[in-house]
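What follows are several structures.
In what comes next, chain A is part of two complexes: it sits with chain B in the first one and with chain C in the second one.
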Partner chain A sequence: MDSIYAALMDIVGEDYVSNQTEELFTYSKDLGTSEPQWPDYVAAPKTVEQVSRIVKLANEQKLAVVPLGGGLSLAGLALPLRGGITLDLKRMDQILELNEQSRYIVVEAGISHGKVTAYLHKHAPRLMHSEPGAPAAATIGGNLAIHGQGDLAHPYGFNSDMINGLEVVLPTGEICRFGSCAIGNDWYTLHPLPDLQLFLGWSGCTGIITKVSLRLFPCKKFQEQDLFIVQDENLVPEIIYEMTHIGMAEDIMAISQEIPPPFNRLHCILVNISGDSKEELEFKRQLIFDGKLARYIEDGVGGIGAVGQKIERPQVSKTSDWRKGGGFEYVGSIVPVSYYPECYRRGSEISARHGIPYTVLGRVVGSSHGMMFSWTYAFNRADEETVRHAREALHETDRMVLELGGTLWKPAVFGQKLVMDRMDPNTLQMMKKVKHLLDPNGIMNPGNWEVA
Partner chain B sequence: MAQTQYKYMDMIHRCFRCGYCKFPQDWEDVDNCPAYARHRLESHSNGGRLWLIRAWITGELELTDHLAEIIYSCVACKNCEEKCPLSFSDDILNMVIAARAEMVAQGRIPSPVKTYLKNIQLHGNPYGIGAKKRSDWMQELSIEPFEKQEFLFFVGSEGAYDSRAQHAARALSRLFQKAELSFGVLGNDETDDGNEVELLGEEGLVEMLAEKNIASFNERGIKNIITLSPHAYNALKNIYPRFGGSYQVYHYTQILPNLIQSGRLHPPKLENTTITYHDPCFLGRWNREYTAPRRVLQAIGGSKLIEMDRNRKSAFCCGGGSGNYYTDLLGGSDDSPARIRARQAHATGATILAVACPNCLTMLEDAVKVEGLEGKIQVKDIAELIDGESAS
Partner chain C sequence: MVFFAANHLTFTRNYPLINRQTGGCMMLTLRFDENKCLACETRDCLTKCQYLDMDVEEAALEIQNIIQGKDSRVLHECRTCYACEEYCPMGNHPFYLIVSRQEERNIPPLPEPIIQQGVQLGIPFRGEPEISEINGPVLNMGVFSQLSHLAQGKLFDGLTLISTDKRKMHHYFCNLMYLHFARISVINERVPDIIQTIAAHRPTEVVHFHDECYGTYNSYAQAFGIDVPFKSIHLFEHLYNRLVELKEEIRPLGYKVAYQRPCSSRLSPDKHLFVNKIFDLIGVEHVDREYVDENALCCGSTILSQRQKGSRKFCLDLQNKNITDMKKAGAQLCIFNCPACMQTIGKQVAESGIMPIWMSDLCRMAIGEKPA
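Our next item is the complex of A and B:
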């Protein structure tokens, strides 16, 4: 028997390791447009000790290790570009502690967002975490590893800003903790210890996140989504500015899409609000609509699309079924809110060039501090030509974002190179040093964020 | 080599592998697909399997023994169809079954499945026991053969041959007798219902079995049929019309409430017992019958019915569907579905795990033993509970 396989079997047990074609095939594929990349082994550890042993083994063997959560990041980020071991972390899915008073929950990093949402709904209905719009199977660890954002992004920022502690297996196998948990205390804060946060947003290149203390926030009794529609994209930034001034919303998104046709070229501003009483909800609605949006209605440039819609949590996306094609991928960026009009215009042009109906979305992060803007390109998995078009559209969009002055969010390797080409040389060297210091053998998700 | 005959070529690429289908209704966890819960590798998730089937169909992958096992590891519990939000979801299992049909046509199926199908072909039951022994289960019960009675009691292969399921079949017969229900049986003229055969992709054999049973039903002028097994219920109700056999089909739990209500049956008192009920997939998700079995259980005096977290549409399958109670492709692990389900039942604090399916009965009783829960929780068919007599 292959000795690495035997060693992995010894660590995780026979059922949770494979080097058979069928598993390798499955883990060679991403949901998006990326070309397949085959691992040599797939293993699904259950404990942090098992992760640590695997990473040590990989160092000895100079084998790549690629952490995988839900595999839903769509940009090939968890594809093993240099083969090696794909570590499916979804068996590390336990809820370790819920502290209602201090509003945090400690979980293993392979837990799904859906499970956290369901758990809180049942055991602590007055609390919520910031849930991304990703399918419910997306993991907490995977989302932090790409600086995700969720449905509390407006009041509280990026999901990676909402943590109170981390446990990480370093690329050399040591298990490290960060935050109050590092000094043996409860997991209630990440600060004020010296900043050692070298793991968030690194796509698993600097270590494997194994435990997370997630901040929880008040979940109010009544929640609704309201919809305001404008035709002129130039109005979107000022409307968002006004709404974020009053700070009544939990999530603000602007969406424009060609399909269905009645919505083509319109900009739908979705606003989530909540209240512990109907009066609180009504008060917030009035501040938003009467206080801020009425004048657009009076001027005949905006209208109410819907009020009081139910909020679906977790959200369910049917985007992949568009034209029955089974696939889509998007470029995400972080841009100033003021870029919305240009992002929309340029995006719809790129879509038109590739024969893909346009879909763009901007989610406000913080009090108008930034916006996650995405351009979605659907394709038909069974038609290689449409996949090629989507891939080219993604690449054009990556370039466009940087030309506009935006930054790419969770870029694929193509986008990472564009970003690093523009990066300040000192910063780039710092990245290289950090990576080398942590990962001397270059085994962690190699090929990603790799400084030449 | 590409499989050009595959029926769902224009659909199978539509699975995005987003994984909604792993969850129960309330999103409690990613583990409500029994095959995925057992293996926890993406290849055994529903999306993974559909992508692998597509790779085989398009010629990207060869059909290996391992691939064949993955394709047959789906136990057809329909959780994925219930949860996938996309418009093709009603065809998820059809896509899997169509792939199996291609494999059957090429003789490339896992050997336990081969044995299962061969036994049915030769003996009309999966156990490989002679067809002439089909009515041995009812020897001491003096059950009439069907002539002109109101109902046919379709016992099914499990009730007829499996020693544990025979207890349930006998209990149910006693109930019918106590209630003076007008019923008869086909005896040795009954043959396997074909439900699992259909799921395993042996289209020719399903047709043969259905035609044989339909001929027996029609010769006797049978109109109303009661089944012990939800699998048989599904076959007779939903598959046989395709072959020209349309009857009024009932699962026995749909008959018992009226017999109880009209005073023809008197459920026993089970003082200080707590019962939890396991929804069988072929009654629940396949046929949307969640109420009738619970009505029967609620009629048991002195006991309390408590639900497992995963119930009704979210019920976690025992792993016995698609012939797996016999082929056991998900066995051999702490996380074999029946063992997970036994733990879920035990976690409610119930002392009785009530089932309404002979496959669930055998799967879960074995699991309770392996889990070391004997003496803590007993697995009983609803018929046995109402019968009250110690099973014999």
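Our next item is the complex of A and C:
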């Protein structure tokens, strides 16, 4: 028997390790345009100690280790570019502590957002966490590893800003904690200890996040989604500025897409609001629609598309449904809100060049402090020509984002290189030092954020 | 093109119409007789309006302004409730005229993005419908294919459903809602193709689930001289006739009900009579309330988004007035037929303690079937 396989079997048990082609196949792909990349082994640990032992084994064998959450990044970030061990963390899905008064929940990082939401609905219905605009199977750890954003991005920022503590297995196998939990106390704060956060946004290149204390926020009794529509993209930034000034919304997104037709060349601003009473909801509606947005309505340049709708996350995945073959991938970026018009225009031009109906989405992060803007490109998985077009469109968009002055969010390797090419040399060297310090054998998700 | 006959006997508004299949061009003309307005003493179209406070004298002036293509406060303040089509004692078409004028003078009742979105909503984008020749009576769900589940049971026996595929439903969309959008031109451009699609099924008669479709192929088509090569039946007339056939199976329901009359019902007031006929037949009491029949209030669906200052608040007050009136009259159920009305106020109705229910479901309950 393969000695590494045997060692992995010893760590996680026979049922949770594989080197069989049919199982490795599943882990060789993600949902985007990336070419398949095969791991040599896949292991699914249950405990942090098992993770630690696997990482130590990988160091001994100089084998790559790629942590995998829900596998939904689309950009190939959890594909084993150099083979090795894919570490499927989804068995680490326990809820360890709920502290309602202090509004946090401690979970294992492989837990899905959907499971956290379901748990809170049942055990703490007055609390919620910020769920990303991804399928419910997306994991907490995976989302932190890419600096995700979610339903509460407007008031509270990135999901990675909403944590009180972390447990991480370092690339050399040590188990470290950060925040109040590091001194044996409860998981109630990340600050004010010296900043050692070197794991968020690294796509698993500096360690494996295994436990997280997530901040929870008030979940009000009534929640709704309202819709405001404009035709002129140049109005979007000022409308968002007005809405973020009054701070009544929990989430603000602007979407525009060629298909279906009602969204074509229009900008639909989705506004999620909540209240513990109907009166609270109506108060917020008044401030938004009768106050800040009234002049746009009376001028005839903006209109209320809907009020009081059930909250639905925009599912860019539906874009893939407009083209046979069901594939899609998007470029994400973080840009100033003022870039919205240009992002929309340039994105729709790129889409048109590649014969792909355009789909763009902007989500406000903070009080207009930034916006996650994405461009989605659909393709037919069975038609290599459409995959090529989508891939080229993605690369053009990566370049366009940086030309505009934006920052790529969870870029694929192609985009990571573009970012690092433009990065301040001192910052780049700092990244290199951090990576080498933490991961001297270069085993953690190699190929990603790799400084030459 | 707008022109007046020399003797001012008739006013017509022509719309160029390009047939997508033949490429040929034809003109659609609104049949509006100015003389009827001159002969009218009551000016009910405007004096009865529940949203414009207008006496006969002012109404006479304003209607003349509208006819002559001049500006009028009516064009700016119209809530597009369709009711003036019913109020008109002369059988003229005041509402179609008002909407025509709003479009000509570019006085849209709604903000432009809402109009644009609405107009784009009706664009088919997922292929052509599969046409099968029925050679019998059919049921047309219009653009509401997703409500096809309502059309089941004995009341719908013998009807073949067309427009069943929600991906293709826009090919059956009557487009009349663009009256709310001041877009007569869009209706006139699209309706002939929709008629061709329905006619291609070779129906012997078409039962229209929604009032709006029925109004399109009867009132509107006639007003604009659009040929409709099939016989249309209003859903309520069909339900009534079927209930009569199934009379032995009817068990009186005994509920007190209110009815949310949709705007497009104003285009077929003769069919509105079937509401009470059905209620009487199935043993429900239509409660006596203020906002009923001719005085029915709009659900507010389109008013919510209108450009007029304070429209959202106005809409909320209107809805509150309507539901409070239902409640005060003791209604246990509120009967809907229009999906837009149901979507707009159904939830509020339910929250007030009155159960919203489709007319088709109510009728099915009366013959012992379970509502969909």
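Rule of thumb we're sticking to: the second predicted complex is superposed on the first by the 442 of 452 C-alpha atoms of A that agree within 3 Å, B and C clash if a C-alpha of one lies under 4 Å from a C-alpha of the other, contacts with A are read in each partner's own complex, and residues count from 1 in each chain.
As a working rule, a contact is a pair of C-beta atoms (placed from the backbone, for glycine too) under 8 Å apart; a residue touches a chain by one contact, two chains touch by 3 or more.
Here the structure is a predicted model, which is why all the values come from computation and not from measurement.
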Clash or fit (per the criteria above) of chain B with chain C on chain A: fit
Which superposed partner A:Leu266 touches (first chain B, second chain C, both, neither): second
Inter-chain angle, chain B to chain C through the CA centre of chain A, in degrees rounded to a multiple of 10: 70
A:Pro336 touches, of chain B and chain C: first, second, both or neither? neither
First (chain B), second (chain C), both or neither touched by A:Ala136: first
In the superposition, chain B vs chain C on chain A residues touched: B
Contacts of A:Ile229 with chain B and chain C, given as first, second, both or neither: second
Chain B versus chain C as contact partner of A:Gly302, first or second or both or neither: second
Superposed arrangement (fit on chain A Cα atoms) - minimum chain B/chain C Cα distance in Å: 11
Chain A residues contacted in one complex by chain B, in the other by chain C: none
Footprint of chain A on chain C - complex, ascending: 108, 110-114, 116-118, 120-121, 123, 125, 304-305, 307-313, 316, 347
Chain B partner contacts - residues on chain A that touch it in the complex: 15-16, 18, 20-23, 25-27, 29, 31, 42, 44, 70-72, 88, 90-91, 93, 112, 114-115, 117-119, 121-122, 135-137, 314, 316-318, 320-321, 324-327, 380-382
Residues of chain A touching chain C in the complex: 229-231, 259-267, 282, 285, 289-290, 294, 296-305, 307-308
Interface residues, chain B side, partner chain A - complex: 10-11, 13-20, 22-23, 26-30, 39-43, 48, 51-52, 55, 60-61, 64, 66-67, 70, 85-88, 333
